[in-house]
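Next come two complexes, and both contain subunit A; in the first it sits with subunit B, in the second with subunit C.
Then we have the complex of A and B:
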């Protein structure tokens, strides 16, 4: 009983902070989402409107388009980061000259604020000024204009995200690979397993918890991407890169459409939880069931 | 008594009188500030040259005289509004002064966010500085008054968006001869849209022929930033006679032609098609250009002409560290359609955007009286000339005649003369309390027009319909 009290006392600061900065704002947003509220409307007061906001967003082409490009962005960005991150982690597991230097350089994007990443990529991709359009034109005769081409803008935002976040995946997987015991690998080699067999049947299952954790983190981050995309494309051209975070930002801040923006936020939170749950069901649950 | 002696004596007398006046005002600031000693005023504003001058020069001077500390936060346009609106909406009182861009004043007034400075000074005459007089301001101050004449913001910057052109290119005999041969007229700043198009096409082709990075015009045509929307509604459409974004406030905020608006009128459609053509022959970076980038494009010597915000005119024309066209910048009025100039001169229309902003005091401020002092401090005629030289803005009429301003006016190709004499032809944003709300609702359609996903005429029809729908949802259209 005494230790129980002590436990709660030690937990209390965390619970208070979590409650103040996590639970209370969430409840507030949930409450606002059931209201019509725009402080610059003719009637600036909050007016309860039941589930109207949620009903409205089902038919909102802007929201649906935003959601679909976001899911595409998440898929391409996170998948690429996972594959590239694993390849880099394997590379850094081996010794080669300048390894420490390259490992440091490769983690530099991680320490940059997203807004700075967006600025850098804007400078690098602006037609006539940026180095990337210049090189693509010189080497391949390709005219990169992310202000005009929806595909180019989408791909550029994915590449920017990969550049920014692959190091996180690499570091997580390096940590997992370093911690692997040598015995199973030696045993497999003695038994004559090929590299592919070792990868599929030993390495991958053993680092799966690290992969899942990393994918969870990246998935949630990618779903709420705002700053760097806002800086790079503003959500354009048209609505090609108006990802859901950018959509919510525009609804809530410049448009001050607090009620509807809150409803969109709640739905996006639900979608995030749903996607993570699907991932859990797909990757973790079967393994637990087998056990 | 010789003339020289009389002039010297007069100068001495004037100098002494001025010194006495300065001493008197200095005394006022010291005495008025004494009661607020230790107070720190917090302001938030957009990071622009005029705001930076307040932060770096005027605020320290004010602190030295009054003992009142001033912390000015300069940030991006979006962040500035985000912070100011959140603070005033919640009534937290973090900020004692906020920047009010001309187009948002109506939203702020509709929410009673701001202190009526005229009333505050009438209620507490002991706070009124001897050299503060609302009559000192240019007519731009009228944008910050309510219908009773109360002043809600101290104007601190004012510009017109004007037509800049390269005097070196326009005066080049070889270029002039080629232009005359092609069009049968002299090369001169355009007065009509057709002339402007001809000049733009001519220089874009000249750049191609010569293999130079030269184009005929700027275009503020970002495909995902409101700057493009603003260029169209504030700088292009009015020159075709489409005013107030094409919304008829007197007719139930109608936007569609069928309901009495003009957002999708034939003139509006012609304006949009004209501008889109210019965008197509502008430098490739135009699709990523906001108001800042068009200025940079002009300063880099990449265009022969363009519509540029006046706040950039000074550094483009005079700062060799930032501009390659120093000494080669001319200013003119934008080209207009037939009848538009006459409408502007009679006060029934306008030919472009009169941009600017003011410092206002939120009613949520905990230090309103000290803020009123600071507001008057930055409005003093004595500080205006140096401020205008550092950032080409004029909000107090007497500033035009200051010798240093006259000197700068010459190097700017007569920009200040244009502002003083022709400023009346330009207008600020329409008095709508729903600027950002409406813009965000319809700009996605506008961006799709820019990317070619929607035809311009159909796009304007959609925008007009969406405008009425949005204004109905906001409760302004019945």
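Then we have the complex of A and C:
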């Protein structure tokens, strides 16, 4: 009916901005990653050095340890959030007064800035200021010190992430559970199916799309966690919570070794894509083939 | 069919709500205590309010500038991405552009990438490449408004698309036959109908820009620093001023809470890109 010219004109500002600040940085970082470039080094010029940066990366223990703690963090956080979120969603399916009210409160953490969440948990867990070390000490005689114990710091970041993001899983799964038809469940009950059978053979397959979508979003967000960890532990003690984003922010970026830093960025981006692709192949693609 | 015990559910959810709310309450508790009271045994019940931390924050000229920057950057960015997203969605919805679904999907990949990856290239581009004469985008409000488009513009496009698609095409075709210009169709036919969706998008993108920390921390150093970076400055300087840090946190939190009360129902759908209806 109308010329496409107008359509492209309406789309143009979006394409230009996303191009300049999304695509160009991507190409630029790829290009720099094949160079040696440190403006504050003896030779500040940009020199092509092939894959040297990437070769160096493979033996960089700081980078590798950061990568492994990131994956551990993502695994523990997302798994706990999924199990907890499902349990809470099921608990929400019963009839009780004040549902809307409780739902509203449960949504609250989702809108909070990650850095504020970090600051809150710092105030909760710093010895002598926070209430958690105090309670743990008087109840169990356990001395929680996230500034000294690597395990305590790691667990605290996971707990913080659970507090922040479980509501997203819960609310997504509530939406999925509410939309389920009642018939299969009534039929199964008449046939005498156990609760566990109903869960594995009816509920789970039916809400699987919602679970996959939620895990996908949580996985991507957990992989790039930075702000709250930076605030809570600063990546420490040592490198216990120096997740990949924190590693780039604290170690790679300030070193002004731009060539090497770019190589790190490229590899992190590649790993993110790889993890998402594996999830896609493992969870989403088989479902589409079946349908 | 099932034995219902509503009071058990209420008890359970009260407990869960307590877990959700207590950390936020604790933030407030710390923010209204003088420093000397912090290092005794933690007390849950507040006996007195000490407002000096808030006075300190609100009278600090640096922090006031950070607040102003945060306000300008998030408002400017929210209006920019909502407008551009609206126009882009209209183009994607009403025109038969080749490859438009690929473009639609491509926009979201900009948001999926970890921002930490883009710190270095954006820093280099802003300081060295994107400049006209002496003017570079580094450490400027306009620079940050544009940089925040990388995560907010895809969000705006993905949340507005169903809204625009949901407006019947017959309406703009009728207006077209009546001789209305494309601009008139967009502003007088589509815009009024899309307004609720636009409002939600505007509000959520505003919060995302307001909450952003990582890019602001690396791409600004003085002029365009935001409130979230101010917060982290209070931690790294020798001897954290806990009360002041808590007060800044509360101040940063308040706009988000107001926004939360306005669009609470849309938050989950927003955060999952409509994959889940909230």
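The working rule: the second predicted complex is superposed on the first by the 261 of 291 C-alpha atoms of A that agree within 3 Å, B and C clash if a C-alpha of one lies under 4 Å from a C-alpha of the other, contacts with A are read in each partner's own complex, and residues count from 1 in each chain.
By our rule, a residue touches a chain if its C-beta (ideal position, glycine included) is under 8 Å from a C-beta of that chain, and two chains touch if they have at least 3 such contacts.
A quick note: this is a predicted structure, and the numbers were derived from the prediction, not measured.
Peer 1: Look at where subunit B and subunit C land on subunit A after superposing the complexes, then choose clash or fit.
Peer 2: In the arrangement built by aligning on subunit A, the partners subunit C and subunit B clash.
Peer 1: By the touch definition at the top of the document, which applies to A:62: first (subunit B), second (subunit C), both, or neither?
Peer 2: In the superposed model, A:62 contacts subunit B only, not subunit C.
Peer 1: Touch test for A:146: subunit B only (first), subunit C only (second), both, or neither?
Peer 2: In the superposed model, A:146 contacts subunit B only, not subunit C.
Peer 1: According to the stated criteria, A:83 is in contact with first (subunit B), second (subunit C), both, or neither; which is it?
Peer 2: neither
Peer 1: Which chain, subunit B or subunit C, is in touch with more residues of subunit A?
Peer 2: Looking at subunit A, the partner in contact with more of its residues is C.
Peer 1: Between subunit B (first) and subunit C (second), which does A:278 come into contact with in this model arrangement: first, second, both, or neither?
Peer 2: neither
Peer 1: Tell me which partner A:253 touches in the superposition: subunit B (first), subunit C (second), both or neither.
Peer 2: both
Peer 1: In the overlay, answer first, second, both or neither for which of subunit B and subunit C A:204 touches.
Peer 2: neither
Peer 1: Does the superposition put A:224 against subunit B (first), subunit C (second), both, or neither?
Peer 2: Touch status of A:224: second partner only.
Peer 1: Does the superposition put A:235 against subunit B (first), subunit C (second), both, or neither?
Peer 2: first
Peer 1: Pick one for A:44: touches subunit B only (first), subunit C only (second), both, or neither.
Peer 2: first
Peer 1: In the superposed model, where does subunit C crash into subunit B, at 2-10, 92-100, 182-190 or 218-226?
Peer 2: Clashing stretch: 218-226.
Peer 1: Overlap the subunit B and subunit C contact sets on subunit A and report the shared residues.
Peer 2: In subunit A, positions 122, 126, 128-129, 253 sit in both the subunit B and subunit C interfaces.
Peer 1: Taking the touch rule as given, give the residues of subunit A at its contact with subunit C in the complex, in rising order.
Peer 2: Spelled out, the residues of subunit A in touch with subunit C are 1-2, 4, 6-8, 10-11, 13-15, 17-18, 20-22, 24-26, 28-29, 32, 88, 91-92, 94-98, 102, 104-116, 119-124, 126, 128-131, 134, 163, 167-168, 171-172, 175-176, 189, 210, 213-214, 217, 220, 223-224, 226-227, 230-231, 244-245, 248-249, 252-253, 258, 261-262, 265-266, 268-269, 272, 276.
Peer 1: Would you tell me which residues of subunit B are touching subunit A in their complex?
Peer 2: Those residues of subunit B that touch subunit A are 78, 81-82, 85, 89, 107, 110-111, 213, 221-226, 283-288, 302, 433-434, 436-437, 439-441, 444, 447-448, 450-451, 453, 473-476.
Peer 1: Considering only the defined contacts, which subunit C positions touch subunit A in the complex?
Peer 2: Those in contact with subunit A are residues 1, 4, 6-7, 9-10, 12-14, 16-17, 19-21, 23-24, 26-27, 30, 38-39, 41-42, 44, 84-85, 87-88, 90-92, 94-97, 103, 107, 110, 112-125, 129-130, 146-147, 149-150, 153-154, 157, 173, 176, 182, 207, 210-214, 217-218, 228, 231-232, 235, 242, 245-246, 249, 252-253, 256-257, 259-260, 264, 267-268, 271-273, 275-278.
Peer 1: Would you pull the subunit A residues touching subunit B in the complex into a rising list?
Peer 2: 38-44, 62, 122, 126-129, 145-148, 150, 233-242, 250-251, 253-257
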